[in-house]
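Pasting the structures here.
First chain A sits with chain B, and in the next complex the same chain sits with chain C.
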Partner chain A sequence: MLKPAGTWRDPESSLLLDMRNLRIEATVHPPGDDPQNVVIVDDVSLTLEKGRVLGLIGESGAGKSTMGLASMGYGRGSMRITGGEVFLNGRDILKGGVHELRKVRGSEICYVAQSAAAAFNPAQRLMDQVVEAALHHGIATRAEAEKRAVALFRKLGLPDPENIGQRYTHQVSGGQLQRVMTAMALCPEPDLIVFDEPTTALDVTTQIGVLAAIKDAIRDTGVAALYITHDLAVVSQVSDEIMVLRHGKMVEYGKTRQIIEAPRMDYTKALVSVRSLEHVENQPGAASLLSVNDVTAAYGRAHVKVVQNVSVQVCPGQTLAIVGESGSGKSTLARVITGLMPPLSGSITFDGRTLASSLAERTKDDLRQLQMIYQMADVAMNPRQTVGTIIGRPLEFYFGMRGRERDARVAELLDEIEMGRGFMNRYPAELSGGQKQRICIARALAAKPKLIICDEVTSALDPVVANGILKLLLRLQKIEDVAYLFITHDLHTVKAIADSIAVMYRGEVVRYGPKSSVLARPFDAYTDLLLSSVPEMEIGWLERASSRGSAAQSAS
Partner chain B sequence: MGTSLANLVAQRIAFGILLLFAVSVLIFAGTQILPGDVAASILGQSATPQALANLREELGLNDPAIVRYFHWLGGVLTGDLGTALSSRQDIASSLGPRLWNTLFLAFWAAVVAVPLAIILGLLAVRYRNGPVDKTISGLALASTSLPEFFIGYLLVFLFAVKLQWFPSLSTVYDGMPFLERMKAIALPASALTLVVLAHMMRMTRAAILNVMQSAYIETAELKGLKPLQIIRRHAFPNAVAPIINVVMLNLAFLIVGVVVVEVIFVYPGMGQYLVDHVSKRDVPVVQAVGLIFAAVYIGLNMIADIAAILVNPRLRHPK
Partner chain C sequence: MTALVLRYGARIPIGALIGLIACAAFLFIAIFAQWIAPYGLGEIVGDVWEPASPEHWLGTDNLGRDLLSRMLYGGQTTILIAAMATALSFTLGSILGFLAAVVGGWFESILSRFVDLLMAVPTLIFGLVVLSVLPSNLITLVLVMGILDSTRVYRLARAVATDINVMDFVEAAKLRGEGSGWIIFREILPNALSPLVSELGLRFINAVLFLSALSFLGLGVQPPDADWGGMVKENKDGIVFGVAAALIPAGAIAALSISVNLVADWILNRTTSLTGGRGDA
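This part shows the complex of A and B:
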């Protein structure tokens, strides 16, 4: 690992990227405070040889994207590299200033962003953007670059590779855009590509294809890659080595197999074992608390049906998980149950009575017994209210609690969510993502509900934090005897928390029953695809899953 | 799906026409409630009651307002704007050359102001928060804060009185050679340019800066493009819609807001004509000029709306 000192490198050596003792700082402007300097990356070094793939992994704020961008000499916003060196092909690219960096960017190093939909210019045809870097750096003529682009489109499995470049972003799906972006990065034939969470925004069944396409492209072109992600299972499919980062510092750095099979550091062990949480299902009781009866819901005057003939039940004190990809209608179903969106037909029975279809006609007690927790905890709270006010509000509203009585109950709830009464006077902005979600849980519990609808409540959180939230929810379920309707796209979450599962696809429930039977063979085609698309933390999973997928495709 | 684009455009045009009708009602109603009697103001204080009654009859002032409105509207739609009460001349034929003069002045002011504003806006973004940006913004804001008449007289003082480069009165006449005419309008056109420049420049800057926050700008930076290339290829095309909007708003101002500048430079355009006839309480002229100003305003805004629809790639290239 130790390299000889000195700034000169043998250009024939296989060492491509050598980032040494990187220190990256940013200026933050806390409200009402003077601007402060914070250290985003602290003394991190890494090396990458030609044609190899290094995975950078960590939770949000770990500094992994910052490291990736630093390899291009780029800092987002106020971030700046305040220490260390970046050698690319033996040259220190930070030495020559921004003019030198511009020569390197787009020719020797290219970048693939998380959200290709946002990273493409919506006013330009895709082809013009794909060939732009190659033309700008004089690497190829337009005709050569377009020819290369079409070949890359074909290699990456895009439909109609000859003509897809003539389209605009809004005419191409998210998974396809991510492939086009990979083609854009490969077009100037760089030595290194920085992949920054390239599949994170995709549905799981889309992710697997894109992942396989990226892996093949890396192998066939011999390009080296920095692969940034928070998902250890994903990164273990594509990388030769993995570096684990946390709070801007390196935690562990080693071969992929060592990291996932024999992690040395506690934090890495936590990351690896994060998906082992398993919940033993309860047998469904005789009575049901919530019963959704043949509900159909539609948007707009055209009556586009997003939920069709859905019937599911939730037993008291148990958890029903609704699983589906984006657009499957699972969140719309939640809107119907809460009364935010009256259904076209069908009814909702709750605790033995039929609920009014619209929110305005429901009684205060209906509202109290049916609470909701959202994906984005920070936008679900008033940023100008203290934690005490936020949790105290349902106590005042439903139970008329005031003053000391209310504060005592708030303190109790804060203890229940394992945060403690010290947080009473804090503002949401002072809390971490996981803490914010805990406050939302406490607010829901304050109403003493019989059912809480949890809409993707762990999706925006880092795996270790999400795990803590799931454990908390399970514990609270036992104490408070509350039922959950758990909406998620993540099958690991489902395994961790559900008693029964409903799989939704294009507005319909395609599979429904107790967890053990839903997750047992024989599967229907969609559930099979969904389950087999979830990355497993084992080397070679992607190849096995892909060959199964193509076998299934050629069979059909 | 091309029909949806045509539909949207047709909708905007229909709205524009509807709005123009509504404005014509307002103009008509507004001039009706003006105090005073047209017949009395034409004939003067010493008129006999009989003469007043005859004139009213002749002018159709005794008809109900709604009949007069439709009579007026029918005339307007056939190109007959009525007769000026004060001069007894056909309004359309005396308005024609003045409208042309106003458009001529506005056109040349726009030819200078629009590209200048956009280029200054682009430069301000390129060197944002630096001395270039601050100088551009400062000067532009200063010129906007000064009232038009002040700028007008300042220009006259400097370039007509002191330097004697341009005439202080913008006299133009039929058959005037082009260069002479340009020389005559140089000062009013400059005054107008200074008035509208800052607004367009600031809005261009703001619209582009807004787009500069987008992820695709970062993509462009990571391709190694230079700042001006990024602004030109990736930021500007996505900021065009709001820029067109503010440009059209200012073009409309160049035509309908020239009143003060025309009066200062005694330029024979619509504005001066309007001011003359307001003081003479010549209602048909005021109505006609008001309607033309409204039509220009609505028309340019409609063009801005349609242009914003046409530059939207989602609408131009549907799925």
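This part shows the complex of A and C:
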């Protein structure tokens, strides 16, 4: 079924993609200032042979997506390829002009985007979109292309492969859509596919299935791939080689095994060791600071119960992690505890007293002792307030501090979060993602709380930055003796900071106890699936994990 | 405004500069009309519709009054009433709009339906009906114009505030236990300011046009007091005889509208910067 690849091309060379000294710039328009040129990718070279997979890894802003798009001769937004060459099958595709590029895209090189839901046209059937490129380039007739698509659907483990193409995007799940998109890229039988964070938006339990499907498809079709991700554990499962990028420059480039087992550069070492953070579990004390007693909560009049009969406890100065995939009700539980959403039934006891169920009825001291840190630090701070105002307001509000006294305390807090008083007059827009989250932590600490609810506080951050935030939280817990209720979907984070764990699934707590006992066998079915789905940074993990749980995966 | 000019002097785009100078000139006229006008407001100084001459720079009007003097006095009245009406509509509209967004529930529903009711009747017709019943003086004029216009501001303020009200930083303030005052004035207002400021310019121009229309129809400023809309009405018959007297107040209305708009646009650009206007991000 494979077309005879490369018959009319240079048959000797197995070199498929050769990007040399690539330089990509963009023009930014800061408000009120003259437009400036920013270098996004600076002198990066890479080569890719037929049938091989190269992983591009780096934090956001490292230029990895830009590199991926550049391999197709494309610059997003105002980005321009200002230097270097991109050879695909021995031809410099940047020289040929738009017409030449159009011939290459969709026939020799295809693209799989991060958000499949946004990349599909919701008004067209999936099949029409999957076969579009093959028909457009005249690679296959409609019947041939559809036959090929159905075979790909089957290979990628989609349910009902004969008919799933007749559905629309809203009729399939996120994980399925990502597989359909992979089928779309494979359908014209290209030589190269660019995968741009294809599993990042998926839950871990879904991710593993998609990852295995992508890997099998790459192996069986012999296509080459550029695999872009920020997750080193994921990329080490699929790629032969890895290139680490940072600030648009190449940091390290080598075989996968060398990168993850013997990294040479400091930055790569930091990336690899991100997950080594360990926290020695504290024994639960006799007294509990917060106890959630048999709480049930529902949205709207339909009474769809999002949280059902949940009972958990947090000990003073300790961390309870609530784990679960999206939609498991963990954030709703946080809203119930904070009083933003009164529960249908059940009660919440805090520090020996029962908390009022709605925010308006709680005392100022109740509010002070229970603070919250959000997932998205940029929208959790008023963009029109300076750091000094943001951190200083709780001091004013709860403790009546003013003027110099307040500023001195703000400076102290800034030192505590390892930032320094120089940041006092900055606006949130002038901070990086990690710095913003630190400011939010300082704002919560300013109230001198007994409990801080952390709602996915590290999931929007790059791994190295997130690691720094976790270390800070652990250190602050020791100094301030504050308890955390840590909501996350990331089991590595849980291992790094929790004392006890509650696993939530479809609104119910399915497993709850001290960390050591929750993470010890025997597991219940869901916890087993969850634990075995978290990518490990070792070669061959994916195969082992897939073979263990292949029955459970086919459902996702 | 001088501080603004000094601070950003180097970077003011040419359009905004023209607008600023023109606005300053209009403001100067509005404040000092009594002192710079060469003749009195109702003083008859010559023949009907005399052409421009060294004594009467813009000629005379339909009763032989000096047109330049009446333009200056008229500018004062027009700008004063429009500014007062805009101030009223803004304070009323934005406070009620923010309150509706923050309080929500039945308060928002009742207020919004009442505003819908007011907006359902065309503004000009509503204004004509109300003004023909009420005594025609400056206070009723400002009240009627301000309240009718505040419905538009309410709509905008509520829509903007509803968006901001669901942001995490407002939720954080609510969790802290802040009252509606802090949430409205310290969390929402600074973030709602840029659309409101651009709206302020538009509303002011709208007030100028509305007042001019009312006066043209005889329900606005009453003679012998002058305002630009009324002056167009007084002199409109001259157009038939080739006298341009009616075009001068009409041109002034257009010039004022455009210059205010230029300034509002520029302020909008400046205030959308999230670095406090430092522009160094």
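Definition applied: the second predicted complex is superposed on the first by the 538 of 556 C-alpha atoms of A that agree within 3 Å, B and C clash if a C-alpha of one lies under 4 Å from a C-alpha of the other, contacts with A are read in each partner's own complex, and residues count from 1 in each chain.
Everything that follows uses one rule, which is that a contact is a pair of C-beta atoms (placed from the backbone, for glycine too) under 8 Å apart; a residue touches a chain by one contact, two chains touch by 3 or more.
Since this is a predicted model, take the numbers as computed values, not measurements.
*Asks:* Overlay done on chain A, so just call it for chain B and chain C: clash or fit.
*Replies:* Partners fit side by side after overlay.
*Asks:* Who does A:352 touch here: chain B (first), chain C (second), both, or neither?
*Replies:* neither
*Asks:* Is A:97 contacted by the first partner chain B, the second partner chain C, both or neither?
*Replies:* neither
*Asks:* Using the superposition on chain A described above, determine whether A:427 touches chain B (first), chain C (second), both, or neither.
*Replies:* So A:427 only meets chain C here.
*Asks:* Kindly classify A:403 by the partners it touches after superposition: chain B alone (first), chain C alone (second), both, or neither?
*Replies:* A:403 sits against neither chain B nor chain C.
*Asks:* Could you work out the angle between chain B and chain C as seen from chain A, using CA centres and rounding to the nearest 10 degrees?
*Replies:* About 40 degrees, rounded to the nearest 10.
*Asks:* With the two complexes superposed on chain A, say which partner A:171 touches: chain B (first), chain C (second), both, or neither.
*Replies:* first
*Asks:* Counting only touches as set out at the top, which of chain B and chain C does A:35 meet: first, second, both, neither?
*Replies:* Neither chain B nor chain C is touched by A:35.
*Asks:* In the overlaid three-chain picture, which partner chain does A:522 touch, first (chain B) or second (chain C), both, or neither?
*Replies:* The answer is neither, since A:522 touches no partner chain.
*Asks:* In the superposition on the shared chain, how near does any CA atom of chain B get to one of chain C? Answer in angstrom.
*Replies:* Shortest inter-chain C-alpha distance (chain B to chain C): 10 Å.
*Asks:* Quick one: which bits of chain B touch chain A in the complex? Just the residue numbers, please.
*Replies:* 214-216, 218-226, 229, 233-234, 237-238, 311, 313-314, 317, 319
*Asks:* Under the definition above, what is the set of chain A residues touching chain C in their complex?
*Replies:* These residues of chain A touch chain C: 30-33, 338-340, 359, 362, 364, 367-368, 371-372, 374, 376, 379-386, 393-394, 397, 427-430, 443, 447.
*Asks:* So in the complex, which bits of chain C are touching chain A?
*Replies:* Spelled out, the residues of chain C in touch with chain A are 11, 167-169, 171-172, 174-178, 186-187, 190-191, 269-270, 272-277, 279-281.
*Asks:* Provide the residue numbers of chain A that touch chain B in the complex, in ascending order.
*Replies:* Where chain A meets chain B, its residues are 69, 72, 74, 76, 101-107, 110-111, 113, 115, 118-124, 129, 132-133, 136-137, 167-168, 170-171.
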